[in-house]
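By written order: A, B, C, D and E. Residues from 1 in each chain.
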Amino acid sequence: MSEWLENHLPKVVLAPSFIAVLIFVYGFIGWTAWVSLTRSKLLPKYEIKGFVQYERLFDSPRWDTAINNLYIFGALFIVIAMVLGLALAILLDQKIRVEGFIRTIYLYPMALSMIVTGTAWKWILNPGLGIESTVRGWGFENFTFDWLVNPDFAIYTIVMAAVWQSSGFVMALFLAGLRSVDGEIIKAAQVDGIPTWRIYTAIIIPSMAPIFLSAFIVLAHLAIKSFDLVIALTGGGPGYATDLPATYMYAMAFSRGDIGQAAASAMIMMLVVFAIVVPYLYSELRAKND
Amino acid sequence: EPQAEVLHWWTSGGEAKSVAVLQEEFAANGGTWTDMPVAGGGGDAAMTALRARVLAGNAPTAVQLKGPAIQEWYEEGVLADISNVAEAEGWDKVLPASIAAHMKCEGTWCAAPVNVHRVDWIWANADVLAANGIEMPTTWDEFNAAAEKLQAAGVIPLAHGGQAWQDATVFETVVLGLGGPEFYNKALVELDPEALTSDTMVKVFDQMRTLRGFVDENFSGRDWNLATAMVMNGEAAFQIMGDWAKGEFLAAGKEPGKDFLCASTPGDGYLYNVDSFAMFDVEGDDKRAGQELLAKLIVAPKFQEVFNLNKGSIPARTDVSLDKFDMCAKISAEDMATSSENGSLLPSYAHGMALRGAQAGAITDVVTAHFNSDMSSQEAVQQLADAVANSY
Amino acid sequence: MAPILDIKNLYKNYGATEILKDINISIEPGDFLVLVGPSGCGKSTLLNCIAGLEPISGGTLSIGGKDMTHVSPKDRDIAMVFQSYALYPTMSVAKNITFGMKVRGVDQATQDAKLKEVASLLQIEPLLNRRPSQLSGGQRQRVAMGRALVRDPKLFLFDEPLSNLDAKLRVEMRTEIKKLHQTLDASIVYVTHDQIEAMTLATKIVVLKGGVVQQIGTPAEIYNRPANLFVADFMGSPAMNLIPARVQRNGTSTQVAIARAGGDPIVLTDTRDLHLPEEVILGLRPEDIAEAGFRAGAGVQEAACLVDMVEPAGADTYVVSELGGKQVTARLHAETSAQAGQMLNLAFDMSKVSYFAKDTGERLN
Amino acid sequence: MAPILDIKNLYKNYGATEILKDINISIEPGDFLVLVGPSGCGKSTLLNCIAGLEPISGGTLSIGGKDMTHVSPKDRDIAMVFQSYALYPTMSVAKNITFGMKVRGVDQATQDAKLKEVASLLQIEPLLNRRPSQLSGGQRQRVAMGRALVRDPKLFLFDEPLSNLDAKLRVEMRTEIKKLHQTLDASIVYVTHDQIEAMTLATKIVVLKGGVVQQIGTPAEIYNRPANLFVADFMGSPAMNLIPARVQRNGTSTQVAIARAGGDPIVLTDTRDLHLPEEVILGLRPEDIAEAGFRAGAGVQEAACLVDMVEPAGADTYVVSELGGKQVTARLHAETSAQAGQMLNLAFDMSKVSYFAKDTGERLN
Amino acid sequence: MTDLSMPRTRAQGTAGKTALRWLLYVLLGLFALYYLMPLFVMVTTSLKSLEEIRTGSLIALPRDVTLEAWKTAWSSACTGIQCEGLRPYFWNSVLIAVPAVILSTLLGALNGYVVAQWRFRGANIIFSLMLFGCFIPFQVVLLPMARLLGLMGLAGTIPGLIFVHVIYGLGFTTLFFRNYYVTIPAELTKAARVDGAGFLRIFWSIFLPLSLPIVVVTVIWQFTQIWNDFLFGVSFSQAGTQPVTVALNNIVNSTTGVKEYNVDMAAAIIAGLPTLLVYVVAGKYFIRGLTAGSVKG
């Protein structure tokens, strides 16, 4: 018995988490799939009615906007936050005197609830209150920065605030990764005559590939689930120009008592995630295995 | 000993004090009040919590609920019947019929009303109007003319916050003003497709487009109270908003009639937003007793008076003395009485009184999309009909 | 010509510990400097300082006549093989080797040619597509070598580059390095623990101990005329026999008396003209003590000694005998019939003897 | 007694590559088995398999008579020194060494005593509080040794444990390992590239090539009677001379003709009674070719050869001459007057000659 | 310990290098400004009186600095009937966040360790499945989870909230640790196994001490997520177990009452302080080169 335990301990240790995930993630996904086939309103019902919720979903112009926004927002947010996070991590890795202080400054946005920082951003980005009026106040009368109130550009202000909030954490993630790279290898590269930037791009960063996976998953998750950010900053507006699937789903599930519709949108969201994450994951884990 | 865990979303200073009155009375009658406040999103967050708790089999005793949502929850079979209290207290006699109707589920009483907010208010800065020689408008044409005048004078005619619910608030007053009570009822309560696609509706959207022109460029995402502040500052002249805006004026030390003016929006009718409490099915005699006591106290004149003085709204029951209330509240109460008689006392769709969430939301989507883009009125009308059809 | 590497009064500390003390070394272009010394004496640290990977705590260091204090490693024009290999873990073997060239903008054809050449030299052609983690220890070491060998720098730094190779391969590599040195006229600083490597490769050997230079000289100088007891003991395997002896001058020659286990002291005569204190440490290498009859020469003298131990080692047999209170090793031919416990006539080549002061350990002759 | 380690038909693949092929080895208690072979031949892999760190792909492996297939490394009662050290980076040297004992619940006093003992043996006492990153290469290697030496297992596995130590220390360590082996009567599997280590330590040597066992035998057997050309060439440094020759039987003795550069073939006589094919490869170690007059014995025969190269190496001087189309090395004493380009009389000890088949490379005599 | 900057010798740097270093600091400073901008707005607003906010520019410096709002937010702002500010809710949040962070981090570390260093058949698939779990929108789990919590008898309790946070934190913590541990040489595990250490011992003695930087990252992440969580906090709590975010939300989000921005901002900053504290304290352990010197090659 004890020998069996000995040999199977790794699996035993993993098992509870795995079972929990099976139930609380995949079980619930199954549940959601089921509900998405019903006409659940205020509370879930379990009588299957076919794909009517999906039809409603694809008929909804608001959902179209939400999905398009997700692509724009997701792509920009992930790329910018990743690049910025990495850049900041590298800069911070140069033996900075006040590293701890600066690191905290970059990280703190994560600490504050978006319920309120959203208001601050709203003011800063509002042309009448924030940057635009301040800069005009300095005498630059033609300065315009009205993305927040422009339906075509409002989504980019969401990107700005989202990057502001999350890039610090990505930086921390990369910093931890940078610090785990073996110093001897860097020395070898220096002697090999490799310029510092090439050392980062060709040696350190490739050896951090797993950390990139972490950062990507974190950012993708934030992109998919960005919710209070939008609610606080634009409330989905102007109009529903900055709606995202997550806000759509929340609105359906909780403001409108249309759980079936929410479930359908959740299923589509997860399909989108699946389509993006699985190939990446596959290549990442494969590379590790050979 | 009566027990009550009360889920509500009245958390800001004035509101909280109002509820505290209820709690004190509840305690004075020997009850124990457990407070479970969840603010946010006009009760969305509270509803989220409610749903989770109902599913967990851990429903709160009393919940702030309103409009058709009460009936929806009733249909889920989770509401308690408080008819015995209502009958003992004679609610039927003191509540306007249309408001009483909201409190009943299939003939039994299932909720207790707290107050009546009037939604179709127009607020104005007295000095600005005076300076430009403008009277409070009584028709939308007057409003438009006044607005143009103001615009020419460099004043923002209409202070507005570009949030979907604010757009919807303006929209419903325009529907009421241009279409009249009957049209409002057909279009926004009964969701009659003919009404939704009618020429009147096209005109409504035209007027929305006109109003859009009276709003400054930076309205997007603005909180309603910042818009109110614009009126206070004289930066803007008018705001269309429910009577909670009065609270902001009063908090800033402004006097009604002198510093700021209140009037119903152009047209007949009265759009109400009634807050109420519903009782959930719970186990235990102490909780049941709590529910009954709570229901009784809520509708009792004392609480109705004190609460509404604090909140800016008016009592739901018609037999409360209005002596202590301000001018605007008195107007509101008078209008409610007349409207109740001539059938123009109507539920506000924008505040969840008229429609179920899905339908109201579908309409709001179109309204806000139209207001924030250059969509034509025809197109908007078409989309409105489609969205409503798609929302069931 | 200016020295290619010039180290003056170099100090290096890690925190409070002094690792290198007052190092002075200079290398002419084309020199092959071998650094030897006990484990932990600071050899790798010195290489690191030369490469600019560790800041120096004092003194100056110049390469090609240019002061290097503020020059970063990548601008020093050196190639280095690390003791710990330090291969790029995410790159294939081929990429590990060519990466430096690629960065320097060497064209593809040259890269390929160089890679091919080096890979065949190091016998790693079949491994070119592997990752370092899929290599054996010796293979990794060869890749590390390859990375340096494709370069054409002012100065090569090799830190025990052959330690994990089998004897055969090591000999081949040694030859290749020697060739490299001769054909490219490259300047090389080389750390090794292999005495044969040191002897056959070096034009100059530096013996380091505890961060202090003990002796700098040609291999022959170091081997034949160690500057002190430490060097004498350290170089050569098995080590030089260091035997306490009493000396007495006798005309121009010297009488050396060595205590012998189980008998009177052996007295041997050194015919060289030496001035020595009375008590000395006498140094004589095992190969200078042979079985009587197997060694001829002017200074050779015989004496019977008690054999304590016989240790056959392939080509030779070592015989240990206690002399002057020390275990003295003699290298005999493989076929000796010597047996432990017996007396054996040994031939001492007195012309090879080194004398050291008993107190300071410094060389006396 | 049952063999302490018994390997039968062991195979090991990494993916599609076969690394070890049909290995059969068995060790009696107290055996000191040395594994040698070219870099990358599978030595470390074999140790990993024995330790249970890599699953085997075929065959069986038992330790102390018990099949080990499903036994985890920690229950195999082995201690191992890794070629790559594998020190615990966050632990001090002392903790690195005592960790194994602590895990096994050895009491503190014993731990301390053992630590002290091992630290002094390895000369790392001053380093006990350092982290591995603050050590030199050789110091790290000694800590890795220490981790194994504090244990008292059934079987020790050493993977090139002395490769980064200086010659002196290496000799000392070698002696200590030998002592350990003798006093504890421990069984040891030892990988080394150092021929002297292999020769002096082993009771049994296994020569591996490309994952295939070439020969198993005592050091003397391996050295004197290599089973095939590979072993002959691989063992011994400098390597055995392998010279193509034509043989002709002449009564009970054999005439061996070897082509000579710049002259007629040398003809030497082997007096042993051998039956050989006409064309053979003749193997003779450098130390069995001496300068004429310096080697006596029954089979010794002299011949004049043209010296191509003279290579002094401290204790000896190597002389290279082309014979049978091969560079043949002879080991001469250090004082030889041989000069490149001159003819030199060399003495060949024909009693030591090995003969190998030209085609298969297998030993013939 | 390597850094990519030049080793600093006695006299640091030439002119070019000094300039570069200045550029570096300027760059870092500019980014700091970007990050600080909203905080500036929040802090200044929190120091203004309501009157000033109503009449002045929202992003100007305060004319009269007053700490009134901070006091109110901490101890007298209304979050419903009670007007005791954030104070009473802090403890709930601590009771939820601390155990949940510790548990999820520990479990994640163990899981990551298994997946990275004890690969068995299917480990990667299990890992992928766990990872994909990160993406499940919390809104969809709310209702079924509520039902299950009710069945388990954990509805509305702090253990229930801890449970939920641990479950939905596992994906991330496992991800972080796994991706850190795959870069640690497998030889270490091997050596420890030969040394007689078992699975848990190796984890505890060898891997955990190596994990400081990633523990920091994970703790930062988990603590932030859990401390700032609103959705679960509001749905799975009841009166008496509500976390501080619900209180903050109640202070900030009044639909029809007077909005006190200064109190809102002060409350938000106060609510964020514990998280900030974690950043500062944990940040010390961003240490370089823990694996240095462990293995050769």
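One rule holds in what follows: contacts are C-beta pairs under 8 Å (C-beta built on N, C-alpha and C of every residue); 3 or more make two chains touch, one makes a residue touch a chain.
The structure displayed is predicted, hence computed values, not measured ones.
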Return the chains common to the contact lists of chain B and chain D. A, E
Here's a test of the contact network: exclude chain B and give the groups of chains still joined by touching. one piece
Could you compare the number of C-beta pairs in contact for C-E with that for A-B and name the larger? A-B
Mean-CA-position distance for chain C and chain B (Å): 94
For the pair chain C and chain D, the C-alpha centroid-to-centroid distance in angstrom is 22
Can you give the whole-Å distance between the Cα centres of chain B and chain E? 39
Distance from the CA centroid of chain A to that of chain D, rounded to the nearest Å? 58
Multi-chain contact sites of chain A, meaning residues that touch two or more partners: 6, 43, 115, 129, 182, 184, 187, 196, 207, 253-254
Multi-chain contacts only, two chains or more: what residues does chain C have there? 52-53, 72, 83-84, 86-87, 137, 141
Could you say which residues in chain E touch two or more other chains, in rising order? 1-2, 8, 142-143, 145, 198, 230, 249, 252-253, 289-292, 296-297
Any two chains that touch count here, so list every such pair. A-B, A-C, A-D, A-E, B-E, C-D, C-E, D-E
Quick check: in the complex, which residue numbers of chain E touch chain D? 1, 185, 187-188, 190-198, 201, 205-206, 209-210, 289-297
Show me the residue ranges of chain D that touch chain A in the complex, using the header's touch definition. 15, 70, 72
Contacting residues of chain D [partner chain E, same complex]: 48, 51-53, 72-74, 78-80, 82-91, 99-100, 103-104, 131-135, 137, 140, 147, 151
Spell out the residues on chain E that touch chain A in their complex, using ranges where they run on. 1-5, 8, 24-25, 27-28, 31-32, 34-39, 41-42, 45, 57-59, 107, 110-111, 114-115, 118, 120, 123-124, 126-145, 148, 167-168, 170-172, 174-176, 178-180, 182-183, 198-200, 213-214, 216-217, 220-221, 224, 228, 230, 245, 248-249, 252-253, 261, 264-265, 267-269, 271-273, 275-276, 279-280, 283-284, 286-292
Seen from chain C, its contact residues with chain D in the complex are 14, 36-40, 42-45, 83-84, 134-139, 141-142, 159-160, 163-171, 193-196, 199-200, 219-220, 223, 233-234, 236-239, 285-287, 294-295, 297, 311-316, 331, 333-335
